[in-house]
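Lettered A, B, C, D, E and F in written order, each chain numbered from 1.
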Amino acid sequence: MADETPDTPDTPDASADDAVTDASAVAVEEVPAIDPAVAALFERFEAALGDGVVDHADSFGTLVVRVKPDAWKRAAEVARADLDCDYLSFISGIDWMPAPKPAGDEGGDTSAPVQPDTMTFGVTGSDGRLQVFAHVQSTTRHWGVTIKTDVADPAPTVDSWVSVYPGADWHERECWEMYGVDFSGHPKIRHLYLPGEFEGNPLRKDFALLAREVKPWPGLVDVEPMPGDDTEEGDS
Amino acid sequence: MTSTETPGFEVDPALYSNLAGSQVNVELDTGDMILNLGPQHPATHGTLRLVVRLDGERVVAADPVIGYMHRGYEKLSEFRTYPQITTLINRIDWLSSFANEVPFVHGAEQLMGIEAPPRAQWIRTILTELSRIATIYLFLGEMGLQVGALTPAFWGFRDRELVLNLIESATGGRFHPNFNRIGGLKDDLPWGWIAECRTTMDKILRGCDDFEDVLVGNEIFEARTRGIGIIPGELGAAYGVSGANLRASGIDWDLRRDGKPYLAYPELDFKVWTHSDGDSFARYWVRLQETREAVRMVIQLLDGLPAGPIMAKVPRIIKVPEGEVWVETENPLGQMGYYIVSKGATGPFRVKIRSASFSNVSILPWLLRGVYVPDVITIMGSLYFILGDIDR
Amino acid sequence: MPHMTLALEIGWGTTLAIKTLLVLAIIPVGALILGYTFLLKMMSHMQSRLGPMDPGGFHGWFQLVGDGIKFLQKEDIMPAESDRRVFAMAPAIVVISTFLIFLVVPTGPRLVVKDLDVGVFYALAVSSLSVVGVLMAGWASANKFALIGALRAAAQLIAYELPLLLAVVGVVIQAGTMSLQGIVGAQVDGSIFGFSGLGNPFILTQFVGFFLFLIAAQAELTQTPFDMPVAESELVAGYMVEYTGFRFLFFFIGEFGTAFAFAALAATMYLGGWAIPGVTGGMADLLGPLVLFVKLMGVAFLMFWVRFTYPRLREDQLQAVAWKYLIPIGLLNIIVTAIIKVAV
Amino acid sequence: MILNQFLILAAVLFCIGVYGVLARRNGVLVLMSVELMLNAVNINLIAFSAYLRETAGEVFALFVITIAAAEVGVGLAIVLLIYRNLHSPDLDHVEQLKG
Amino acid sequence: MIVQNIFFWVLALAMVLGAIGVVRSQNVVHAALYLVVVMAGAAAQYILLAAEFVAWVQVIIYIGAVIILFLFGIMLTRAPMGGDTKLDNDQRWPAAVVSVFLAGVLGALLIDAFGKKEIVISGAKGEQLLQVGKAGHLADSIFTAYVVPFEVVSILLLAALVGAVVIARRD
Amino acid sequence: MGLVEKGVFGKKPLKPVTWLLNYSRKYSLWMFQWGLACCAIEMGAALASPRYDMMRLGVIPFPASPRQADLVVISGTVTDKMAPAIKRLYEQMPDPKYVISMGSCANCGGPYWDSYSVTKGVDQVIPVDIYIPGCPPRPEALLEAIVMLQERIQNEGLGNDELAQRWRGEHVVVDNAYMAARV
């Protein structure tokens, strides 16, 4: 099992700048001990995609590659054609912004875990707040690769994968609904889960859960004692 | 229930537009008709809504409307601690709750760099396979109901109850065990459980034979399922169809064997069943064989169950170090995966839940084009989805 | 007035009122018996359950009675866009069709409302009336599921009328009459290879016809494997989807009452009807209804056994079964029967 | 019963049928009116058969019923074809044959 | 024979009203249901005339099949639920004139030709009439005297079946 | 309206008549299965599994259409997207009708109390007769709820004045306190 890579204390902006100037060189230099199988897989990927690659890492035996936004669709084609990744696992997004309201203060939400206040990014870093990532796998070679790309913040947009993986349709609709990321080339982006009149992008960190605002857990109501035995409050 | 006027949804407008150029049935064109199946329709076991455009009895286009069961797991997970999340994710695929917990707990363990002791791994494997049996067994009966045979569905419920008994006596939870702990299990198996499990497995095997007699060998069942809803393997994979649905299309891929090693599967001897047809019948057949295979695996596991502790050393307050991990397992419905992003807190920063049914169902618009209305039901039944697993 | 023609004879029969009341009573009672025995109890036991136990105390005998009384208390809803008159008339037509079948079923040497010269033919003719009711119900409900269900029902009933008639023709040829009483008589008087102790139930010679009849009757009754019109997993409840309260009760009674009637027809034509060997005259009148009932339950058992076990066919497969298999087999059966009849 | 009561009933039905054929524009309704006329003929045939105590009339009535069934089959097929091509079951739209 | 006459007039009234319903109803499905009334009435008239077998043939073919076909055709061609005012063309008045005229001519002709000729239904002649209506007699004459027309009709039916399928099919 | 509302039995039906009418309604609960989530499977077990076999109590699970149903069991999470459909279904059912809310989700939102898409309790949409807590409740709990409902139906008055207040009684909660009171 590979060890995790919590080092990379440098600011994400700097590394991103480097990546833009000389992507492949930086990527190869930065990599610490990496599983040889994952490394070999990455070499195939890089050979096909060329300078679209920004960064890569081995996260617990899974290859994670960050590509430039304009290489996003090409990455899918490369994965499908050159890596035999015929299977689309998922496409989703991630919002690296810290939660807007740190928990535990002023009688607020005490149950939610306290997340760091600063913006940090995952294993391959990020340019900004929003990222789109996907996982594709090969049913014959039994390997998989996670592909990430950065999207702009105010008007996030990225190429659609539908022409490469038809299954991307629903995943992209979900991502659009949850993060507001638009997929250009998608046949018709529309709501998937939520009613048509729903406003907001629930999975963005700045989307507050109304119920928690109104009545923070464990709530200000008196908890009535149960009849019979007095059990301890749920501790898990 | 059957109206187009239910507020709160969006339907593909192409469905309602004039499809003059794409008439499927050229023999008896009698004008198209929009039919709404659901959101609560007997066939969709759960709350899938299917808007189909019909020409006579033939489907011209179909648009599944999902989200009636969307409960926002991914958002809620960001507000829960790791132990709390296992409670929550039990309810994604509510038929195989235990199997839902495994990949998540496994992911958290990987991030923390601990490993559950072997006995815990084996018991986890046993319970995963039991929940696989409980899930698929319901399908074996329900599939009969979809094509109109009443009785097998009741048999499915009858024998499934035995498996639930086992799960309940081991975990204390009949439905949602919440038995996994990060680093092991809550408890060891109770006394006498193993013998009980063996007898139950015999009954399950006999039940499988019953299903084989009543349905698989039945001409009407074959006529209703053979050649209906064929998923080409390659297309299925591109849609992300997984599990038995993909194996029935001839793709020999099972994460228990081919994925990153997890639980006790590397030490087991089992066969991955595939079928070359890719139709509804193949899906039924593969699942039937998988149930038998699961029974075989449970017996093997019972035979070789190692002794030892069931819990690793774990800090009292679980804080998971910073990192990202992708864990995937072969669940009864297909590939279930969690992409966990941690920032060192007591709860995850982001959890992407990859559930099997979501992708399995996303192929429906393609699959339903040009079939008859009754086949819609057969196909949906044979894909076997759980609404919670689609909508999350 | 022996010369009077049919309509008036029914009209002026002195026992008209009694007979009509009896037949009117048979329909709900028959529906009740079949529904309770097979739908509730037999099905449950096949599925390792018990079925209703609490209602009424003893094995849930009260269940269907209670259902009936309950439906009378239910709100009577007519959908706003429905065609109200047609909607209201449809269930009645279905029940009337059932009622008319019973007029010719003999339950004893003298116990028959009217032994028509063309009894079998008449029974099948009036049974086809119910299609009109079904189509009316489906159309008037202003519901797509109901309409599709009704169209399916009509297509299926038309297709299966033919095998049903063809199956019966074999019996008619063998008996030499279309009168049901005559058919029973022919079976009583018949002999098996010279042995006349048991008579000759036509199931022995018309074995093929019996099964054709059962299959086609299953389709006429829209029971599994031919229950697409009411296919629950596809069309919710088919043409009945919008019906509530006592109107639905009518359909329910019609469904099981017709099953009762068809079972009685099959028992009469193939199992010797009310006759048992060695019982004649007044005794036969007394025992006849009971004997017929036992035979009828046997036939109904077969029908419901199939209903609860088999999957359902698809609409096109159903048509294929009728036209590709049942009708040719029926024709063949007729030819063979006719040849033997002429030759012997 | 006198013979004429049946014959006149038949005549009335026939004339109603004629009216229907002339005044209706929906193809299905025209076919129905034709059925009315055929039925009128049948009543005549049966009435004569009863009057003469002969089977001939009844035999012909049977033939008429058979042919009527065939006619409806073909007729409805034609109406369906019209509906399919012109998106309306109205016979007024069938003008292609006009010179 | 007052009883038969009462039946006749009741039936006749129902049939005429039904027939008017068929040609005047502004709802296609209602028209078809009115046609059922006429057909059933005709069957009852046959029974009145002792033609029992023909009566049941009428029921099974007309009500059991033809009407169903009609309803089928109507539903396949999208019968509107409400009234449809466009079911008639603009020849209503000429058509009425024609049919009333025709009715007058026919009526006069019939009364002139047949006057008060009776259909005898009592006594020995009545017995004979009853025998005529029996299926056996009918079968005898169909398969002896009229066997050729019978075969021709069979072929016609087959041809119509094939024809209907060919027409309704779109290749 | 049914016979009672039409006044067939007079302003206030005789006691035996009332008893019979209530008795038949009590043992003829045609149940529409509004299975939404996990609880739906437990409801299915209560209906189909021989161990519970709800049909014993006269609960008939046949109706696929709400038009023929007397009872609807809302079992599972109600989402905002689903709520209008539930209301519609309730309106489609003919009177007299009863609602059982099965499981924490249907009662109050359950584990999804803070979700952005879940309705916090089905009683915001339709009136509920009986609540069954649990996540999910065991099938036995559903059986108990049915027995409760039957008791309530048996004791309903059918007089004109009582009809006006029919189905507006107190909610029943099948919980520990209730069970303790009954034992």
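Odds and ends about this structure:
Just so it is clear, contacts are C-beta pairs under 8 Å (C-beta built on N, C-alpha and C of every residue); 3 or more make two chains touch, one makes a residue touch a chain.
Predicted model, so just to flag it, every value in this text is computed and none were measured.
Note on connectivity: the fewest chain-to-chain touch steps from chain E to chain F number 2. In this assembly, A is the chain whose CA centroid lies farthest from the centroid of chain C. As a whole-number value, the distance joining the C-alpha centres of chain B and chain C reads 44 Å. Rounded to whole angstrom, the centroid-to-centroid distance between chain C and chain D, based on C-alpha atoms, equals 32 Å.
Between chain A and chain B the centroid-to-centroid distance comes to 24 Å (mean Cα coordinates, whole Å).
Work out the mean CA point of chain A and of chain D, and you get 74 Å between them.
Chain F has residues 48, 50, 64, 80-81, 114-117 in contact with two or more other chains.
The set of chain E residues that touch two or more partner chains comprises 4, 48-50, 53, 57, 65, 69, 72, 76-77, 121, 129, 133, 168, 170. In chain B, 7-9, 28-31, 42, 67, 70, 72, 75, 79, 87, 154, 158 are the positions where the chain touches two or more neighbouring chains simultaneously.
Residues of chain B that touch chain C in their complex: 2, 33, 35-36, 41-43, 57, 144-151, 154-155, 158, 214-215, 218, 220-221, 223-224, 372-377, 381. Of all residues in chain C, only 3-8, 11-12, 81-83, 86, 116-118, 121-122, 124-126, 128-129, 131-132, 135-136, 139, 142, 147, 150-151, 154-155, 157-158, 161, 178 touch chain E in the complex they form.
Partner chain B is touched in their complex by these residues of chain C: 43, 46-49, 143-145, 148, 224-225, 227-228, 231-234, 236, 241, 308-317.
Every residue of chain C that touches chain F in the complex is listed here, in rising order: 40, 44, 47-56, 60, 62-63, 65-70, 72-77, 232, 236-237, 240-245, 248. Note for the complex: chain A touches chain B at residues 1, 3-6, 59-62, 64, 86-90, 92, 94-95, 99, 109, 111-116, 120, 122-123, 133, 135, 139-140, 142, 144, 146, 165-167, 169-171, 178, 188, 190-197, 202-203, 207, 209, 212, 236.
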